[in-house]
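Have a look at the structure below before the remarks.
Chain lettering (A, B, C and D) follows the sequence in which the chains are written, and residue indices restart at 1 in each chain.
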Amino acid sequence: MAVIRGRQFFQNPGPTNIPDRILRAMNRPAVDFVQTDFRAVVDECVEGLKYALKTEGTIVVYTASGHGAWEGALVNTLSPGDRVLVCDSGYFALHWAAMAKAHGVEAEMLPGDWRKGVDPAAVEARLRADAARDIHAVLLVHNETSTGVANRAADIRRAIDAAGHPALYMIDTISSLMSFDFRMDEWGVDVAVGGSQKGLMLPAGMSFNGISGKALAATQSARCARSYWDWRNLLSDGRQTGFSGTAAVHLWFGMQEAVRMIREEGTEAIFARHHRLAEAVRRAIAAWSVGGGPELYASDPRVFSDSVSAVLMPEGHDAEAVRRICLNRFNVSIGGGLGTLSGRVFRIGHLGDLNEPMILGTIASVEAALRAARVPHGQGGTAAAIAYLADTPQPGVETAP
Amino acid sequence: MAVIRGRQFFQNPGPTNIPDRILRAMNRPAVDFVQTDFRAVVDECVEGLKYALKTEGTIVVYTASGHGAWEGALVNTLSPGDRVLVCDSGYFALHWAAMAKAHGVEAEMLPGDWRKGVDPAAVEARLRADAARDIHAVLLVHNETSTGVANRAADIRRAIDAAGHPALYMIDTISSLMSFDFRMDEWGVDVAVGGSQKGLMLPAGMSFNGISGKALAATQSARCARSYWDWRNLLSDGRQTGFSGTAAVHLWFGMQEAVRMIREEGTEAIFARHHRLAEAVRRAIAAWSVGGGPELYASDPRVFSDSVSAVLMPEGHDAEAVRRICLNRFNVSIGGGLGTLSGRVFRIGHLGDLNEPMILGTIASVEAALRAARVPHGQGGTAAAIAYLADTPQPGVETAP
Amino acid sequence: MAVIRGRQFFQNPGPTNIPDRILRAMNRPAVDFVQTDFRAVVDECVEGLKYALKTEGTIVVYTASGHGAWEGALVNTLSPGDRVLVCDSGYFALHWAAMAKAHGVEAEMLPGDWRKGVDPAAVEARLRADAARDIHAVLLVHNETSTGVANRAADIRRAIDAAGHPALYMIDTISSLMSFDFRMDEWGVDVAVGGSQKGLMLPAGMSFNGISGKALAATQSARCARSYWDWRNLLSDGRQTGFSGTAAVHLWFGMQEAVRMIREEGTEAIFARHHRLAEAVRRAIAAWSVGGGPELYASDPRVFSDSVSAVLMPEGHDAEAVRRICLNRFNVSIGGGLGTLSGRVFRIGHLGDLNEPMILGTIASVEAALRAARVPHGQGGTAAAIAYLADTPQPGVETAP
Amino acid sequence: MAVIRGRQFFQNPGPTNIPDRILRAMNRPAVDFVQTDFRAVVDECVEGLKYALKTEGTIVVYTASGHGAWEGALVNTLSPGDRVLVCDSGYFALHWAAMAKAHGVEAEMLPGDWRKGVDPAAVEARLRADAARDIHAVLLVHNETSTGVANRAADIRRAIDAAGHPALYMIDTISSLMSFDFRMDEWGVDVAVGGSQKGLMLPAGMSFNGISGKALAATQSARCARSYWDWRNLLSDGRQTGFSGTAAVHLWFGMQEAVRMIREEGTEAIFARHHRLAEAVRRAIAAWSVGGGPELYASDPRVFSDSVSAVLMPEGHDAEAVRRICLNRFNVSIGGGLGTLSGRVFRIGHLGDLNEPMILGTIASVEAALRAARVPHGQGGTAAAIAYLADTPQPGVETAP
């Protein structure tokens, strides 16, 4: 094998690129986490997560991957035998449902079209049909990382309200948070599930729940067995003071730096940046798709995701071949298809600590890989992205030279 | 407040000092953990943990603190209503028992003398009395971090065998592993619980189970609800291939470096080093105790811990005052008393990446703090430690100049 | 100002991108440089530099920027009043000459065409005319970083030989070493001048001389005052043992890692990679130049530089405007024109730790900046680079998917 | 060899321990040093150095070891044939004089007693005798790192004034700056020479001159050849704008952090800390010296150095044996004797980023090494240091628990 030089372009839809500021903040000795001054680090992180989630609710942070926060959301609010409605949007929705089942919860899948995203009307219809109010919670993956579809979380809230249904509304924001808009309080979300390794730009290993007052109340009657994830062990007076064992202080220091960076840039500027870079990717894909080339998997502009684009290969062409060329010849790491989409799509992550040349280098490399793999594709993809980025002003940056 | 200069002496009994080699190994970009070359990192870590645990059994690593591995041990092998015998040795034994109860397991405490450690004869007697073979598992904290007592795990195995009892034997090795001898297979341990932040010299955030064949079989019938910790999701053909979500690759890279360092030094040399440094601390404490000064909490030489020494204050003197002087005047962080021992003991951790001057600087600073706090104490503690270390050869190091 | 996110594309012609491996090697405590084990670091670096310079000569490393090694070359071999012939190739040649003058050396400029590079025939003619053998040394900047012209060092050696002239041949390899071919011994170079911050991928702060036997002999009669740079203070038995004060050990540790990386990749693979990436840049520039757009400053393909391309703006357009857009809108740092070329050229560095997506991201961003700055330019520059890179095999990498 | 564990105690008198904050500040990508925002880094460093030197004069920073700043001081102010009076205080004074001679300067040594330091009266006498005002400069090493003698720089200024002599006063502050008091302007120092790797807590590789108006004027007539060190190339309007080649930006970023840390602690608190730790070392040495044991080399309390203590061995005992035990058995690195003091003294550095446990660990380890090496020595050295530190209040720290 040739020695690979230069920095890997890490364009998976998560984990994402970790800024040097965060790596530096984590490159430090251990500290005694019961000391007073570490308390301040925790508080700053919690306040930062409330800013990110747009909530005045309660935050609980786990030493765990995002799956841990999935489990925390379930076991703290539900009892064995409870029914939840899981909006089927793809691979991650299916897995969250499987986890619920492992805890004895009845997970009912609401069918949907993966390319169009969850249909709010279908949610409303199903909830209206639930006269017995048997459904305890509606589970939604905000951004399906496996398909690049951004579900219409606000519309689904409206659907729940229209049905007048009291179910808890739980949303997995893992790959949407800090990439595009999420509003926990405004959208009446009861439990938000987030992870460190996407828009928060941290290594994996930390995840969290945002918790509404209604969800906090529900934990009193919930009978799922729990200890590690138990909100009651982690909170005192609505504030996180426990860690289920030794606190993973390095991740907290990283989180502290992350929330500082997020506040410096500001959520709206972050979303604008993600949208701009995502749109550049979509312009390139649109050009490639001409004449039957690879096309965007998401088929409805209302659900185009600003954090990841899944690209559907033309019939007879293998997405993995494109990925391998990207990785082996150009040191560009992109995502493959998950589950039933394996080999049929590749996925370009465009979330986290990214800028124009990183995205352009990625697009150009994918274009080179399509050419090298002899995948038929329309010309001018990268050129379209260049033109879009040159012509689109960035907030706060003078466009004139 | 004065600005504190110089490196903090971090002499808590965990987390412990992280070697620069490990920090450097973790100071890196994210990688795609499904790539082949990350597979090799996982395998190297797993093999290293088998070497450390002295087992040919199965290893499962969690993205979690040590409490996660506690929970993993319980929910994978037990069912609600099962009875376990928890050997009471202090704070951590009590908490592990509480966790079992949260999962519906009957946790029976075997009473004991915290200063002498768990009595194997008492274990044998209790198991003999269990004619119905109602006890599914015996739970032991190998090294009680809260008391500095190293329980006699091998003798307790013999006690279980003498009683002819089929209970699973589960041991928390969190603060013993890689500090003093632990032999999973030889001692017939069914589930070992370990964490990253002690003898493995890593940040907190990773924990693991060593699993015997008997424990692996038990998971088939265990009915505790589980998903995140479920060994079945993490293993394929007895080998870890799953991670319950995104792998925390930075900790894996750190673990890879840690197991390399451990193999380079070798388990017996590591234990000899810990014993030498621990004995230096004990020599100092013995000198201080003369005339009614602070004394070692552990009262039986068979259970002196080579990873942590708890020091019991003379009546009427506050351990926290000594700790605060250590921290505020000398930038030396030592542990305080936990639970009922709060204010009555302070704890000097002497585990992990330590050497003679670090221990001597710690002992001397504690001696200065005793003096500054006007705690009556015998003289010559540090001098005794110096003499011991000067006179005790180190394996592999020429003693002659 | 907008907050800038994502990694800066650092495409200056030096300093260059520092690989994480090197940063990690430098992120360490100080060591006592007189210890035996540091000796091994020095020796490994010196052997690595001999490999890089392709010499069996003597190496002297300075704690200094490249200008220090310029001065070292002069003061160790020359006396006040000596004459040197400096081949005029641009900004850096002029500055090296000025330095010689500061030491009382007569620096005669050999005129030349900056866009075509130094003419070997002119060198030969001038040396033939020097019947009195008054010229003590010929000074050449191998790669003029200011113009992107790679002078024909081997041909100039042949010119000196053809003239039968005994002058020392001194070459500044600062921006050529480890980017394209340099052969100290084969080309009869007497003093090579190198720096840490270009092809060696290190921070600035370390520079060195490669020294032939003839140059080493010349130092005996050289009368320029010297102490810090004095080879006699730094060498014992032809081996570096001195450092002119405290050794800058962090740079030595970085250099150790750099020479390991260089040996792993191999000089010829390094040159092939640089050529491939440079050619991609030139393909883009060629496309832009159509119809009177920006064009490559170097006008003779024999002197195209594989480490930097200077791009000459069309009349009436300011290179600095393009640079500012690259930096402020896209976080891409490229070089500006130096001295008389200020505002007339911008320079794309393509040397050091680079790969395809980094170069493609750079080219695409420059193309976007040309568009944003309304600089007339031919279309399809990035597309040409993509096609070239897709179609050009990389040694050791399978082209087929 | 045994594997060495734990952090090395680095108690050389320089280089010194580098705080993590500084290592983190340096662990970053290269930047374009001609950018505006790097300008601010330079300015902050220069202002910080003025604060440290206590001067309103001019600062010039070199990419070089401290020897470079020695050379800069000489060649910018003197001409070949000029006479300088070098106050002989040991190894470094001799070497600075040798450097002056290499540049054609007449370096006259003023004899002195190395253990008592330079005698101001002798300076005055020699200057009074210089009726022709032939002496252009007086050169003093403020703190002789080789002997642990802190020369009486203010008294020597008074001696020069008493003689009414116009000589420039040049002081090497390399191992005194930021360890104990130095006042450039108040003491009428014309050129101060400083380095990065001692009290400034940085890696080696950066050095500097503080320059008085008188020295700046002298550079106009100075005829020593110079280019790399030439103040005229580095300054514009009395402000550093040049770097003699590519700026070593990593050291500048480190310096920026260092001067921030220095301002946070404050010069007087820094000096008090150094004095306290130095005094602890001296208390230990005094105890060891009882009965003919090793004693402090400095013999006059007025010149005890707060940055380094040299310890003179009893007749017939080898200092190197003690050093080797410290290093090989305890991983404590201390300094050896230089030049004629080789084997006769060892040196404990107590400057830079140090605190009480670091010093106590060092003292205790040296005491253990004396014991292991069977060097006769008085007992209770470490105990004396402990008592001193326990009983001595630290400014800004509450002594009561």
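Definition applied: contacts are C-beta pairs under 8 Å (C-beta built on N, C-alpha and C of every residue); 3 or more make two chains touch, one makes a residue touch a chain.
What you see is a predicted model, and the numbers here were worked out from it, not measured in a lab.
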| request: With chain centres defined as mean CA positions, report which chain is farthest from subunit D. | output: A
| Taking contacts as defined above, which has more of them, A-D or C-D? | C-D
| said: Taking the mean of the C-alpha atoms as each chain's centre, how many Å separate subunit A from subunit D? | reply: 54
| request: Take the average of all CA coordinates in subunit A, do the same for subunit C, and state the distance between these two points in whole angstrom. | output: 45
| In whole angstrom, how far does the Cα centroid of subunit C sit from the Cα centroid of subunit D? | 36
| task | Spell out, as numbers or ranges, the residues of subunit B touching 2 or more other chains. | result | 7, 17, 20, 27-29
| remark: In the complex, the residues of subunit D that touch subunit B are 1-7, 9, 17, 19-20, 27, 261, 264-266, 269, 273, 318, 321-322, 324-325, 328-332, 353-365, 367-369, 371-373, 379-380, 382-383, 385-387, 389-391, 394-399, 401
| So in the complex, which bits of subunit B are touching subunit C? | 20, 24, 27-29
| query | Which of the residues in subunit C end up touching subunit D in this complex? | reply | 7-8, 10, 12, 14-18, 23, 26-32, 35, 63-68, 70-71, 75, 80, 98-99, 102-104, 195, 197, 203-205, 224-228, 230, 243-251, 327, 333, 335
